[in-house]
Amino acid sequence: MNVQLNGVERAVPDRSTVADLVRLASAPTTGIAVALDGEVVPRAAWGTVVPAGATVEILTAVQGG
Amino acid sequence: MNVQLNGVERAVPDRSTVADLVRLASAPTTGIAVALDGEVVPRAAWGTVVPAGATVEILTAVQGG
Amino acid sequence: MNVQLNGVERAVPDRSTVADLVRLASAPTTGIAVALDGEVVPRAAWGTVVPAGATVEILTAVQGG
Amino acid sequence: MNVQLNGVERAVPDRSTVADLVRLASAPTTGIAVALDGEVVPRAAWGTVVPAGATVEILTAVQGG
Amino acid sequence: MAEHADDSWRLGGRTFGSRLVMGTGGATSLEVLERALVASGTDLTTVAMRRVDAAGGGGVLALLGRLGIEVLPNTAGCRSAAEAVLTARLAREALGTPWVKLEVVADDRTLLPDVVELLDAAEQLVDDGFVVLAYTNDDPVTARRLEDVGCAAVMPLGSPIGTGLGISNPHHIEMIVAAAGVPVVLDAGIGTASDAVLAMELGCDAVLLATAVTRAEDPERMARGMSLAVRAGLDARRAGRIPRRLWAHASSPARELP
Amino acid sequence: MAEHADDSWRLGGRTFGSRLVMGTGGATSLEVLERALVASGTDLTTVAMRRVDAAGGGGVLALLGRLGIEVLPNTAGCRSAAEAVLTARLAREALGTPWVKLEVVADDRTLLPDVVELLDAAEQLVDDGFVVLAYTNDDPVTARRLEDVGCAAVMPLGSPIGTGLGISNPHHIEMIVAAAGVPVVLDAGIGTASDAVLAMELGCDAVLLATAVTRAEDPERMARGMSLAVRAGLDARRAGRIPRRLWAHASSPARELP
Amino acid sequence: MAEHADDSWRLGGRTFGSRLVMGTGGATSLEVLERALVASGTDLTTVAMRRVDAAGGGGVLALLGRLGIEVLPNTAGCRSAAEAVLTARLAREALGTPWVKLEVVADDRTLLPDVVELLDAAEQLVDDGFVVLAYTNDDPVTARRLEDVGCAAVMPLGSPIGTGLGISNPHHIEMIVAAAGVPVVLDAGIGTASDAVLAMELGCDAVLLATAVTRAEDPERMARGMSLAVRAGLDARRAGRIPRRLWAHASSPARELP
Amino acid sequence: MAEHADDSWRLGGRTFGSRLVMGTGGATSLEVLERALVASGTDLTTVAMRRVDAAGGGGVLALLGRLGIEVLPNTAGCRSAAEAVLTARLAREALGTPWVKLEVVADDRTLLPDVVELLDAAEQLVDDGFVVLAYTNDDPVTARRLEDVGCAAVMPLGSPIGTGLGISNPHHIEMIVAAAGVPVVLDAGIGTASDAVLAMELGCDAVLLATAVTRAEDPERMARGMSLAVRAGLDARRAGRIPRRLWAHASSPARELP
């Protein structure tokens, strides 16, 4: 299936979880947060399966402000 | 009956109209406007009977601004 | 003889007068004034003979200030 | 004889020296300087006799500036 | 100079000759006010709406009519969008004009606009067919939003009403002018003629003031001064001022005397 | 307003109608200069003294004569009292006037007055019968000294010549005005109309400027703006401005709607 | 001076020793940033939230952790309440803090706050349990509204972000301070040390800045200067400055020499 | 930051650690003065010369000696070159120092320098072997002349003594700094810490003040604030501030959230 991962269309295995996508994005596992279709996914719910066509954002803190 | 006329409780004849209250307030007949319970009463509707307990404001232009 | 006329070394006939130098400089005859060796020469004294080696300045009003 | 000592007319013994006047003014002996008729009197010259009618100023440093 | 012989401006679909919009508050008598209005040369002037029995000054309408000055009712004193909308509608009914100077202030101490209520009222009044001239603070974003909802002019303050502090933040006024597609009228805070000139030099289309004139020691003379001031400022703006330089630049040719 | 219908002022025993003294430097042509002078309404205007062969612009005298504008020669470019005194005497001989705008500057970069040489020259020229209008810095002490030696006017700068920085230190100008027994003319630094208005509001009797007009994009229009500006400033000064307040003051009567 | 030996302040229920809140944007490297943060003495510093793959600078969290500096996530770049609320929630999830510096800007050119969206976001986040520090313009009315909806601090700008123009309207900052019941932090526009001192003298509780330090030629030294500046300003505020006088007042006793 | 670890400066052939020169006038007691001097960190401090019987405060010398602070006698109150020269010579005799802060003022109301007398006195004292630190106005030409006659420092005022008006004409201070070959010390007019910071940012080498500290409500605390202020200003000057910009410049990276 396809998802929009951090602004890029990506083909990912069907039934990928949030945690799978975090791994796919090579994101560190601390200091990040995930939004699935505009809602925060708490770390405890990273087992959630991502639906096809979903928009996923994985954010971290950077220099700014 | 009683009405609140420009901030003052006044006893007026039952079934007084807006025009009656304008006369009562000694207001000029041009350059003024009337609000009955917070809504503008167009001049064409000054024959409207004022309900007991109504709040009536008669305004004109003064120096200001 | 030589004089310094408005900043330029010039050869002029011996016994030239101030008036002669004014003519030489193609200056208008009104609205000007002459300094001979740092002193004003009033118009009435323009017959004065200019000594050799003198410094003569002929000034007029220009746009400024 | 009389002298003007720090702005006040004072009777002092004839042939008083600068040092005598310093004592008279109860001035400390350090951190001060004396002007006699508008001239500084170096400490080495405090033996100088003050002429009658002289103006003597004895100054020290105070809070200021 | 021919091309700018006409210094008039357009506002709400009409043309005005004077760049000075006057208020009428603060004058000690109608006579004083009349002399000041005449001296100011204004052709657009604000009035407030108040209860007939408390008014004491109904003569202002007759005065403006006699002088041929357009009346601009305001919503002075309103604290909420609802109050302001009702006041504007009463003014339209009383005076027969859809024009309104919209004021919604937050408190009596600062008389600063409440931008949330202001935007709400502006939107309602525009929808209701009013020509809305919105008194606002000097925030460029709010000014743009007021224009977006359809206001016919944005009227940023120089400083709070009646303070006479002039234009506290000229850069903000410049930012408002730079972004505006409707006339910008500097409203509030003017204390003296140089403030009014500066407003025009910053690019405002006009200046609105009352206290600076009506409470001056000599209102008539100050009115004349303000009239000259907005013309001076417009000329200076359009004439293209010299750049600022840090070092001197001689205005006389170099001198060559020895 | 009747009592101040006459806005003229006296300087050196004469009366002038306009509060604007113009300089003539910087104009790109005599035609441009003429239009600017006419638009400015000035009746007193400075010229510089230069060698006839380097002059290139002798026509300025004829122009001023034709326009009926009084000529005020200056000593621009002089660096010492001796130079300035000689130049003033040459100007008197050439132009038949004992009036002089006295300038003695210290260097080309700042064109700031050298006050020691300036005071020396002023004293010599006053003794020699000149009507001395002294261009000076904004130091109140020097201004008072210039008056003490007999200058007919003190002319403090707002900022260095040609910078257009306006009035850098208004408080000093106010101190000069407060102590002066002769006219105070703000000279140098004016960049735009609001600067000229401020000068008058601070209490100056007149404003002298050249670059702000002659080097503006549209000199004629800026000249008109400056003419309006000095009148606006005089009106504002004489009208008695409102005090500055930190908190707002309503210009409409209190509102009593529920 | 004993009674004010402790210059710390309270914000959101916590105590901070330094009056300087730092931003981390604009530094050319983490090494430069580290030296600047250490020199600044700050104990509270902002970070932005960005996509992991675009971040390039994840090391900032580790750096702040190592230096023992509290992390304050911001919502920089958000244009609507919805965006800002989501960003704040992601920051809370990622960083484990309910604190947020709330920014909702209207456009890229001015980066000025959109007060309507800002108030909306502030209210939502306070309801959701956040400690909201709201970046706002210098409008006293908006500041009061932000406090009314429960913000833990109001953070008015001195001038637009990154401009270095300092505090354009000190009177508005004073009005905000006078009315505030929560800490006021001057945020944005600081260009140099005197700006930071002025902020404190006007009564602000702290100063937030980034560009002034990170883009200075020597960030470490400017950080030290800013650290000294906020302390100097706090001392001056609390020491009670002398009044301003128009005329001189001798600091030496009167002199009596003849 | 290593290269500027040493923030000391040289004046008259000696090195000073603190950029703050203190005056001693205005303190309500020696105890208050002592605490203020200690808090200020100064190592050079002025005293005035007065008649022994009128003095009342001879203890100031002992105090400065105990604190190890260098004494700098001034000629406060002198109105002529002759008075100032005599006073300087008496101070040299009394205190054993050839250093003098030279003041020659024109009147009591403004306490502004009389530049003609000042230059005369400066020349005489330099010829007589004094190290002359000359209190002057903010005229760049006079400052240069004072340097030309051999003064060891020029000390322009920010505004008149005791007014607390700060630096009225920063551009003039910058011009003085740009041309100076000797140290420039901002002397007079400082009211609060931000004024002192600004002086240093403009490029002054040090700041001299008295009233701002001694007449503050809490002199000791204001002294500490001033000590921090001159250090902050020096850091900011040397760190190279960011340029001023008219439009915003984001300090966070561009945001890419949808």
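Letters A, B, C, D, E, F, G and H name the chains as they come in the text, with residue numbers starting at 1 for each one.
Everything below uses one rule, namely that a contact is a pair of C-beta atoms (placed from the backbone, for glycine too) under 8 Å apart; a residue touches a chain by one contact, two chains touch by 3 or more.
Worth saying up front: this structure is predicted, and the values here are computed from it rather than measured.
Matched by residue number, over half of the contacts between the chains of D-H recur in the interface of A-G, chosen from D-G, C-E or A-G.
Looking at E-G alongside A-G, one finds more C-beta pairs in contact between the chains of A-G. Averaged C-alpha coordinates give centres for chain C and chain D that are 65 Å from one another.
Chain F and chain G have centres, each the mean of its CA atoms, that are 46 Å apart. Mean C-alpha positions place chain A and chain E at a centre distance of 54 Å. Chain D has residues 7, 57, 62-65 in contact with two or more other chains.
Annotation for chain F: residues 23, 25-26, 48, 50-51, 54, 74, 76, 86-87, 110, 112, 165, 171, 210, 246, 251-253, 256-257 touch two or more other chains.
In the complex of the two chains, the chain E residues touching chain C come out as 251-253, 256-258. Only residues 23-27, 33, 46-58, 60-61, 71-74, 76, 86-87, 89-95, 101, 103, 210 of chain E touch chain B when the two sit together in their complex. Taken together, the chain C residues at the contact with chain E in this complex read 7, 55, 57, 62-65. Across the interface of their complex, chain E is touched by residues 106-107, 110, 112-116, 119, 137, 139-142, 144-145, 159, 165, 168-169, 171-172, 175 of chain G.
The touching residues of chain A, counted against chain G in their complex, run 6-7, 25-28, 31-35, 38-40, 42-43, 57-65.
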